[in-house]
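In structure tokens below, several structures.
Two complexes come next, and they have one chain in common, chain A, joined by chain B in the first and chain C in the second.
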Partner chain A sequence: MSARYDGRMNNQLRPQKASQGILFKADGSARFSFDKTSALCAIHGPLEPRYPTVNSNLIVRVITSSGSLTSPSTMSLAATLRRIFSNVIHLPFQPRSEIQVAVTLESDLGEFALLASSVNAIMLALMDAGVACTKTVAAVCIGINREGKVVLDPGAEEAKGLKSIHTFAFDNHDKSHMVFSSGEFTLNDMKISTVTGGAACRMVLGFMRNVVTQKAERDQKCLL
Partner chain B sequence: MSLEFRTLQPAQYVRKHIEAGFRPDGRKLSERRPVSISSGHIKSADGSAIVRQGNTTVVCGIKLELSKPATEAPNTGFIVPNVTLPAMCHPSVKSGPPSADAQSLSTFIKEVIESSQLIDPADLCPIPSKAAWVLFIDVICLDHDGNIKDAAVAAVVASLRSLKLPRVEYDSDMEKICVTSDFVELSLRDLVVSSSFAVLDVGSVNLIADPTWEEEERVDSTITLVLFESGDICLTAHSGGLPISQQTLQSAMKLATTQSKEVLKALKLLK
Partner chain C sequence: GSVVVPGDDIRSLVDLEKEQKQVILGPGLRREGERVLVIKPGLLRRKDPGVFWIDSHAKRYVAQRGDNVLGVVLGKAGDMFRVDIGTSEPACLSYLAFEGATKKNRPNVNPGDVVYSKLLVASRDMEAELVCVDSYGKKAGMGVLDGGGLMFNVPLHTVRKLLNPDSVLLTTLGKNIPFEIAVGMNGRVWVRARSVKETICLANAIECSEYMTNQQIQAMCSKLADVLAGF
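Up next is the complex of A and B:
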């Protein structure tokens, strides 16, 4: 197996960085990045809703680094994230309220990994905000190169030369919450990439667990 | 009696049918609505098509404009898809700025075109660095009875097949770009067909092919598969709602492969 553009092997993710509680006014916040592909999430809630509903209302907004809020791609991404997290957040827990999620995409290389970073940033921010969730999800990007080999977490330039790209989000019970695949691939490719995707999401969940544990320990030390 | 049930308990109404193994309109779970496609009827557009899928009606029009190519990509033209859901298509659609649904559909069409590489962007640039075609692909839903994705993809592919690009010449002495009245055919790399399924868990997970509006509103989630004519997959999209198992995805793949044959037949009849 030859090394990739940055020296990684096919089964290596890019170095992940995450931090929670970085915005002081927000009820919860987090930043997650796969190397330079970074997303920042701020959570405000529970808030007074515009129209009270039985379950709490989830509003997701996505802003690109250039400030664009209402372009088709950001609205589409916001709709996708809303669908995913409507199933993750325990909405009946706080009826007649609203949870606002604002995601800022901090890079504009147009990488597919931005979707994955956004999902991970929102998950960490929800934990930071103390929003009741029924599961934890993590997302990761997988590619299949021209030789048919599975390649984890492709970079922006690398992704352009791949035969297909698949973004997965799995939860802590190994159930798939999101699949976006594009390119040219067969059913067999899908099977292999789903298995790899599941394993990779477990790795990212483990990383997120470390981040939360370390923050809890730091907060404990500050209190003492 | 059943009309009251349908109006007051729509979710239960759909559920009871699925449990019994068929749908409110009498179709089997894996049955698609009959599709009819016709193209080239809108003379003011450079390419056009109308797709009827049951009650869902979608119109696609392609307008061409000549522009200067981007400096960082002097050999490529531009493709600008846009999906509109006007207020006339369904009582639940309000007039105003494009809704999240319409924006999601626009992004979906853009992803299908890019992922499938239907058109070679170099084909859209007759004179590199000087003249490039901009394809404005406008999809308008006239009647929304569910599953606009599949109808929109069929309409876009049919319009592209009917599209003729005028030949462009460059007069280097006068430094002018002339659009002649000759036409050049646009060759599509392959045909793509979209198959959407609604997923409903009534004890066992059921895949419902080509959902109507009533079914789409009341199900747990949807999966969309876009397939090439060769059978390879171009795009898979599923987000939120019920988590999908590998088995469900495989069943969806098999259904999508058989179903796309009918749409492919309709597309090929156009020329």
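Up next is the complex of A and C:
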């Protein structure tokens, strides 16, 4: 296997960084990045819903770094994220209320990697806010290059030269929550990348577990 | 305890003791058929015999029956007051739920007043109900808090820390600054001291004590006492 543009092998993720509790006013907040592809998420809720509902409402807004809120790509990203998290947040636990999620994409390039960073940032922010969730999800971006090899976490420039690119989200019961794909790929490609995606998501879940553990341990030190 | 994330099944930890007949699942845990699922991230704690819960940090309050909370009166609606306690919808407080209140003798409560009250009914499916009277019909420190004072918000775990019997914050502050305090489990605290400066000082001290150990709290309190005395 030859090294990629930044010296990584095909099966290596970019270094991940995450922090929780960074925004003062929000009930929960988190930032997650795969190297420079970073997303910031703020959570408010459970709040009074604007329209009366029987079940709980989940509102997701995505803002790009240039401030664009209503472009087709941000609206479709928001809809995808809402679909995923409607199954993750334990909505029956807090009926007749609203949970507002605001995601800011802190870089412009790499739409699929941004989707993955957004999912991870939202999950960490939900955990920071203490919103009841039934699962923990993590997402990762997978590409298949022109030689047919699976490539983990492609960078923005690298993604342009790939045959197909996919973003997978798996939860801690190893169930798939999302597959978002683009490009030319066969059924076999999909099978292989699903297996790799599951394994990579497990690694990112482990990283998120570490982040939560470190925060809990720091908080525990000042308990009585 | 160990740190758990939502979706973890902790059944193996919970039925460890075979001789236990009853296992009580507290906040953050939910039973789903054969599994015991974690729904909030945090430290898994247990108290003998067989009480398990998740210690998680949050800022937003969800109404729990029996909690003493601080609310702000939003308005009157028929026979009730609507009170904002920081949950997703306002709670209601009946006219008659005050000491010595009758249909002819209405309590003197106006919109904008701060009230210290107890949650009588709090379920996720119903509107929360408050009362300002205990089961003997006495005030028990509840009711409208007036005469000045400052109400401010703190995260929920700070409130639990304040009320912990091992905490030295309130006793240490009280040695130098006499004050009155009402602590609401909804993350709101009301303090009143002899002057505005002392009240603000107390509010800052309580807000800053979120991540401090007892030793650091005592150091902070002695520094505050020096500053107030003019050094």
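The rule is simple: the second predicted complex is superposed on the first by the 219 of 224 C-alpha atoms of A that agree within 3 Å, B and C clash if a C-alpha of one lies under 4 Å from a C-alpha of the other, contacts with A are read in each partner's own complex, and residues count from 1 in each chain.
In the analysis below, a residue touches a chain if its C-beta (ideal position, glycine included) is under 8 Å from a C-beta of that chain, and two chains touch if they have at least 3 such contacts.
Everything numeric here is computed off the predicted structure, so don't read it as measured data.
A.B. asks: After the overlay on chain A, what do you see for chain B versus chain C, clash or fit?
C.D. replies: Here chain B and chain C can both sit on chain A without a clash.
A.B. asks: Of the two partner chains, chain B (first) and chain C (second), which one does A:S181 touch, if any: first, second, both, or neither?
C.D. replies: In the superposed model, A:S181 contacts chain B only, not chain C.
A.B. asks: For the superposed three-chain arrangement, provide the angle chain B-chain A-chain C between C-alpha centres, rounded in steps of 10 degrees.
C.D. replies: 130
A.B. asks: Contact-wise, after the overlay, does A:A79 reach chain B, chain C, both or neither (first, second, both, neither)?
C.D. replies: Touch partner of A:A79: chain B, not chain C.
A.B. asks: Check whether A:Q16 is in contact with chain B, with chain C, with both or with neither, and answer first, second, both or neither.
C.D. replies: Once the two structures are laid over each other on A, A:Q16 reaches no partner at all.
A.B. asks: Determine, under the contact definition given at the top, whether A:S118 touches first (chain B), second (chain C), both, or neither.
C.D. replies: In the superposition, A:S118 contacts neither chain B nor chain C.
A.B. asks: What is the contact status of A:E48 with respect to chain B (first) and chain C (second): first, second, both, or neither?
C.D. replies: Touch partner of A:E48: chain C, not chain B.
A.B. asks: Between chain B (first) and chain C (second), which does A:D171 come into contact with in this model arrangement: first, second, both, or neither?
C.D. replies: It touches chain B and chain C both.
A.B. asks: Looking at chain B versus chain C in the superposed three-chain picture, what is their shortest Cα distance in Å?
C.D. replies: 15
A.B. asks: Identify the overlap between the chain B-contacting and the chain C-contacting residues of chain A.
C.D. replies: On chain A, the residues that contact chain B in one structure and chain C in the other are 171.
A.B. asks: State the interface residues of chain C toward chain A in the complex, per the touch definition above.
C.D. replies: 3, 5-8, 37, 39-43, 56-60, 62, 87-89, 124-125, 157, 161, 164, 166-167, 210-214
A.B. asks: Residues of chain B touching chain A in their complex?
C.D. replies: Those residues of chain B that touch chain A are 82, 97-98, 100-101, 103-104, 106-108, 110-111, 114-116, 221, 223, 228, 231-246, 249-250, 253.
A.B. asks: Given the complex with chain C, which residues does chain A contribute to the contact?
C.D. replies: That would be residues 27-28, 45-49, 88, 90, 93-98, 127, 129-136, 171-173, 208-209, 212-213, 216-224 of chain A.
A.B. asks: Enumerate the contact residues on chain A facing chain B in the complex.
C.D. replies: Listed in rising order, the residues are 70-73, 75-76, 78-80, 82-87, 166, 169, 171, 175-187, 189-191, 194.
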